[in-house]
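Given below, in the form of structure tokens, are the structures.
Next, two complexes with chain A in common: one pairs it with chain B, the other with chain C.
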Partner chain A sequence: MIIRSLLLRHGRRALPKSTTPSGTLRRRTLTGSPSIQQQEQQQAPKNTLPSEIRDPTDRIAQDFAFFHHQKAHTQHLGTTVASHYRPHELVANPPRPQDITLELLMASQAHIGHATSLWHPANAKYIFGVRGQHDPIHIISLDVTAAYLRRACKIIKGVTARGGLVLFVGTREGQARAVVRAAELSGGCHLFTKWIAGSITNGQQILGACAKKVVDENDVSIPGFGDQLPLTAALKPDLVVCLNPLENYTLLHECGLHNIPTVGIVDTDVNPTWLTYPIPANDDSLRSVQVICGALGRAGEEGQKTRLARARQGIVVRMPSHGLNPPTDGQAERDLEIEERARLAEVAVQEELMIEAEAAAVEHVRQRRAVKDSEAPDAELAELAALEDGGSVEAAMFDRSLKRGQDEDEYDAEEDTLQSYERDRPLSSEELAEALAVDEQSGFDQDEFVSPDDAPERSDRV
Partner chain B sequence: MITRRLARPLGAISSSNWVCPSCVRRLSSAQAYHTAPPKRASLLQQRFTGVQRRKLHNVPDLAQYDDSFKRNGVPGLWSPIGFQIAWTQYQHMVVRKLNELTSGEPYENAQPKDLAIQFARDPSAASLFNHASAAHNNHQFLKGLSTSPMQLDTIPRMQKTLENTFGSIDTLRTTFIDTAASMFGPGYVWLVWVRDLSPTTVSRGDWRILTTYLAGTPYPEAGFRHQGIDTNVSNAQKYNDYLASEPTNHVGAFGPSSKTGKETASIPPGGKSLMPVLCVSTWEHSYIYDFGLPGRMDFLQSWWDIIDWKIVEQLTPEEVWTEFDVGLGSLGARQYGSGARS
Partner chain C sequence: MSKSMSSPTARLLQSSRLFSLPRPLPAPINDTLTSAGLYRASDTATLPYPTHQAITTPASSLHRGDFGLKRALPAKTTRHTSTPVVRITAQDTYEHITDFSSAADHVLTERKFAEMGVPIVKKVGKGKAGQGEEKEVSVFEGWIDNTDPDARLSNDRREGGRNGMAAPEPKVMQRWKYAGPWISGMQEGEFARWLGRGIEGRKDEWREFVRKKEVDSRIAQAQRQAREQGEPMTQADIRRLRVEMRPTDEQMTEIEKTLRDTHVSDRLSSNLTALIAEFLDLPNIYQPGSSSPVVKTKTDQLQAWANQFAAEANAEGPPPTTHPSAGLSHLRSNAVMSNHPLYGPQAFPTPIQARVVRARLTSAGQNEHNAKLGAGGFIANDPHSETSSSATANRRATPLAEPDRMTRELDEELEGGNKVWVQAGTAFVDERGRVQVRVQRAEPEALAVRRGGEELERVVEAKRASRLVGMGASSEVAPRGPTSRRGFGID
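Then we have the complex of A and B:
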């Protein structure tokens, strides 16, 4: 079994055997300062289940709890529905390697190959036979498929159990979800768009700007390597899983050049020698691809679990050298400061966007209020006069709207005389609340209503 | 009479006519395809008949009481044969018909409750609604029974919340049983927790007794279809044309076809969300063997004595206890229940 040597991704035992007498200092650097971990735990609240609602008297919480209670106790009454194919489940809850059966593979159309005239003779040993008289196609042996799939699952489990980085590639339409999910389960990387040629052979040019981090055996980030990381080579995966090898020859060739083992789905028209561990199956059916990719993702998940469980017990696989030197004095603090600054900058950007949006809304409200304030006394008097004369309310409103149309030019001029600091100053909290409240109330603006009966005859009206 | 969907034999092949060549050869040589398939064929026999038999809907298990009920009946209520008629035979009949009605259709995997809600107002799918709803209601009735029922006075909070609504447990019992006994015809009687009853009451919900006739469903979502024609004066063709003319996409931010529009129309005006916690069947097959045809009252009284109130408590939603603990339930006390809706 080919296992690529790991460089940087999991920098457990990042420091070589230290000659310093104090072992406690080393341990602290390896596991990270406890305060950071505590902060992270505080900042990330866990998702609560319906039964763990914090405020039981909150109305929305009660609605949510009631809905789930009713669903749990009444949804499945009446009959027991036999297990059936639900497309989303292949991505949300993919089958484990133990769940792979010939029936599942057949139901997922994994046995269907291409037309016999398009075959690659090198994978003759994977083919069960021919089906059809007029347009014969090859049928792939499902027992062979299952055997090769299980072997590939073992490979991935072994790689992830030793801290390897797996790259899942699926560039056909519809494969993105499966590929992302499998990478998520295995703690690896995914690619569902075109592979940029040279990402491995010319990695420093293409992927040089990608951020790297150093983690210990428990996957906790270790600060202090911020000066060295930009100078190290771009990461290369330890295993590549390719769901459509026919479209990714360049990727597979680059992997070959760098001794990266590859796993892939081999249809009857694919050259099996392109891959280290082929899985003969149908690569055109999305369902079959999702079953296979799901099983591989689950195997990676198992490997990750094993690795972390062992790490908690102190059992760690010895990694070859990664080329990093021990962190210099003060580098860890500098790295944390840079991180903090970046986080604050992000927060500031978000706040700025929010303020801009609020200001725009408030400005709009202010303009409307300015119009109302300027003409309110005249308008009210006019309305009263109109009513006293026996006119209708609509007529009075129409008069007001006419007047506003005439005053529009004057209104603009008034607006321009406002000093910029007066116009652009941020509103105090009371003014802001008032502006937003006014905005909410005036859903239907009475001033703008003009009854069609009272509107004047317009030449452009049809 | 609208006969929209004819019963199809169980195991009918799906809507496409494609059969793989090897199966065609096997079927034509065996000649078993055209004869009536044997009933209750063993697994070995099934393999050689050449017809696929896959039932998507199966009779549910009654948790841990299935064997006990089958052998000894329900203590205090049914003999083994009475149980067999009320549950085994009836449920098998309903589920079989449900399989026949749904096989090959896009909703063949749907749960009976979803089928009942979807087809409640579709006159051409009346049989489908009836069987789905009957399966659901009967299962709910049987789920409330157990071999060792817990008495109500051992669960004080359950007793207290019911007394808040009905005044006393005796009143609840009398009202419930009288309601069920006076129903003219088969149906179900439910004890339900209804939400959002009235903005003026302090408590947000209350207990109610609800009757449904024949295979009626208690859920309000079933009672309303946003439909623009009166199905009483139209036929199946007109109704289907109307459904086909409605836009199938949810564009727009408002209006009856928009996503929000469709969501707001899910409950009829005046309808309230409810959670059924107790159910009794007043269908004659439930009591005819052990109590006789005029024995409905005896049946209901026997049933009340063997209600497992632990199961009722488990079905009660959390907000009942929350309101009760806060002390608001007592203000919503009522002397009587909602009364029989005959």
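Then we have the complex of A and C:
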């Protein structure tokens, strides 16, 4: 058998030959026919390979070419099994409402409920059965989940299509990305830290100072309401989506008091009456939460698209009453001026922060240098420092200057360089603040310009 | 149609991997009886066999802690480990946590076992092992790996002989699975419950069974007589006789009385026992040769030990709880040769390093017969006992000195503990689910090939010298292996 397959490999010509091993059988190679090989072996010394045959009429060469021709023309045929499971895309590219299937929900562990001892009996109609003997858990019926999720998607789509504001709340660890993404898709708000109790029932006290703006039907900001907006009431969402109702009872209660409808994931241990539109599913698995939140976000996106498309056609659903008067003369210009000033101040603050960071890097390198002067070679130390500082510009420059000289004399010169740098360096934050306070006569409130780290967690906006 | 079939959720869940997880096995008893008395193993000790399914997950999901369970598992214990395998004790508990632990112990043990290349063989009883040359037979031979009570022996008797382990002529078709329980291993209450549960209601079925057996035996007798007279019976004759020879109720009463009477004298070897065993499909009841009844003791624990000893003394003890291979290995033979890249096929398997778990001289000052070795995660007996090793040591002076020293006494100064090089032989799974591995001391030549260095050079030199001189073999060279393996190893 082995011999036959060997022959097969060497081309069609060898096939009709006898497959029995005999003395006359000679191993064929691609490099030449037997006769040529024999001649060459007579001439050339033994142990050297026969030279390559370039004759295109040779049968074996033809076979070889045919084989490669076939390979080139058939290798793209058939299927390739590609990996279809891409969990990293779940947040960035969430499923649309029409993509919701029972299979998807099951793969996302949406059906796994809590231990039976933890259940809330009001969920009985969503529960499919009990699984396990030693550790019984409730199993949520997937068709119910899919139906309720589709209904919730329709509600969100309807709210956003009428210009409503949706607030996505998911305060458990790891839910932030999904919540932010859903809010981004549906043009709503997000909350992934603690709900400040009273933000709805006592909104004027808690969120009253927050910035607001007026937009037209195409979501373009309209200036000129700067004098009226601080007097209007704090915004309230038109719909709240809560991914973990158990921890956000206060929020749901406030929504109930203000007739704000709520959508939420109800695991088997949650009271479903807390929510207007419950979605029975597993709220502990991040994957399940991401699928549900993503589908709701996609529904919001569809609603927004519908609204904007209608607005382009001139069909606008007006808010019943906004209580704003038309802008007074010159108010629009004043608003724009304030905006521009705020923008400039923000740029200044950022520049100052960058300069501070660079100065700190240089100072750090200098301290290291002073401590380990006698122990480590200069260049090595500078490299180390540059690495630790993440390769900032100043550190790299200093690094180069260190590398230039190894002697004591040049060390003094470097000190001079440093001192001159200290002399010429830009102002520090305190100095800059002082300078700004002196320069700016009109005076704007410094508190308005906060660094990104201090950004408010509230996300109410108009 | 039930709810479980009609609902779309149900149809999906039936193919769910989570729902396919098998129920955990009952935990094995960790108490063992040693010469020092009862020894209770620790709660955290690796169990003799896994009871829970081990679960793993693809790397992309592992990064997210997603094992397909109720909630993601914490990173600290699952992601920052080289063996991300877990077993689930509870999906969800009252404390809102998923109860899990690492399953790396059994997963790694299984991997090591596969690397050793040990085939699982049929268990040979302790009493029989020493008596004669009973060959080890793979559990995958056709006459052992069988669950069908009506299976007949295949004609191909050479089946087992092709592999290295020569299969003896199988006398009877064997089974590893029975419908009935193993009565000798039952306790009294358990036995009573079993009797009450379904035996009493099967009286009519039993009478019909006995009647059919009686008819069969009568027909067989008639056929024999017909053959002797030179008039073989046709199928039609047999069909007619089957109706004619059917015993009447009076005859049946007589037959039952005879069966009972013979049982009084013959006990377990009686005809009645055989009939009952066949009717209820009981394992290992009818043993014509066995004369040692199972000892009756007072407490349950003692009874279990007594049963265990009885089982160890007799290979036909309780039937295995699983397939005799326990799914641990699917190798039928160890008659394979490892191929060394430089020295070619080797006569002996590559040696592995075994840890001396218990030396012959224990800390209590007792002198045990055998040292206990830990080979690939399994405890094995050192094949050289106190008496046999000294004899061997005299025969091959230098190479065996080290293993003997290692197994004799624990050297507390030695870094890494006492180690012995062994080569894995065969293994069997006993009726309690414990894997028993047999090992041999490593051959010096195989060890030299394994370790390389000066030792190997010395062996190669000696081989070369012996070849040059002729048959005058040097004392450093191991004697040649069996004739069947001549030409392999270093030549």
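Definition applied: the second predicted complex is superposed on the first by the 267 of 462 C-alpha atoms of A that agree within 3 Å, B and C clash if a C-alpha of one lies under 4 Å from a C-alpha of the other, contacts with A are read in each partner's own complex, and residues count from 1 in each chain.
Everything below uses one rule, namely that a residue touches a chain if its C-beta (ideal position, glycine included) is under 8 Å from a C-beta of that chain, and two chains touch if they have at least 3 such contacts.
If you're wondering where the values come from, they're calculated on a predicted model, not measured in any experiment.
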Which of chain B and chain C A:P56 touches, first, second, both or neither: first
Partner chain(s) touched by A:E358 [first = chain B, second = chain C, both, neither]: neither
Chain B versus chain C, judged by how many residues of chain A each one touches: C
Partner chain(s) touched by A:F66 [first = chain B, second = chain C, both, neither]: first
Contacts of A:Q75 with chain B and chain C, given as first, second, both or neither: first
Chain B versus chain C as contact partner of A:S141, first or second or both or neither: second
Which superposed partner A:E89 touches (first chain B, second chain C, both, neither): neither
Where chain A meets both chain C and chain B, residue numbers: 86, 131-133
In the complex with chain B, residue positions of chain A that touch it: 51, 56-57, 59, 62, 65-66, 69-70, 73-82, 84, 86, 131-133
Residues of chain B that touch chain A when the two form their complex: 21, 54-61, 95, 98, 109-114, 132, 135-136, 139-140, 143, 195, 204, 273, 275-276, 314-315, 317-319, 322, 326
Residues of chain C touching chain A in the complex: 7-10, 12-13, 16, 18-19, 23-24, 58, 60-61, 64, 66, 68-72, 89-94, 96, 99
Residues of chain A that touch chain C when the two form their complex: 85-88, 102-103, 106, 109, 111-115, 117-118, 128, 131-135, 137, 139, 141-143, 174, 282, 284-287
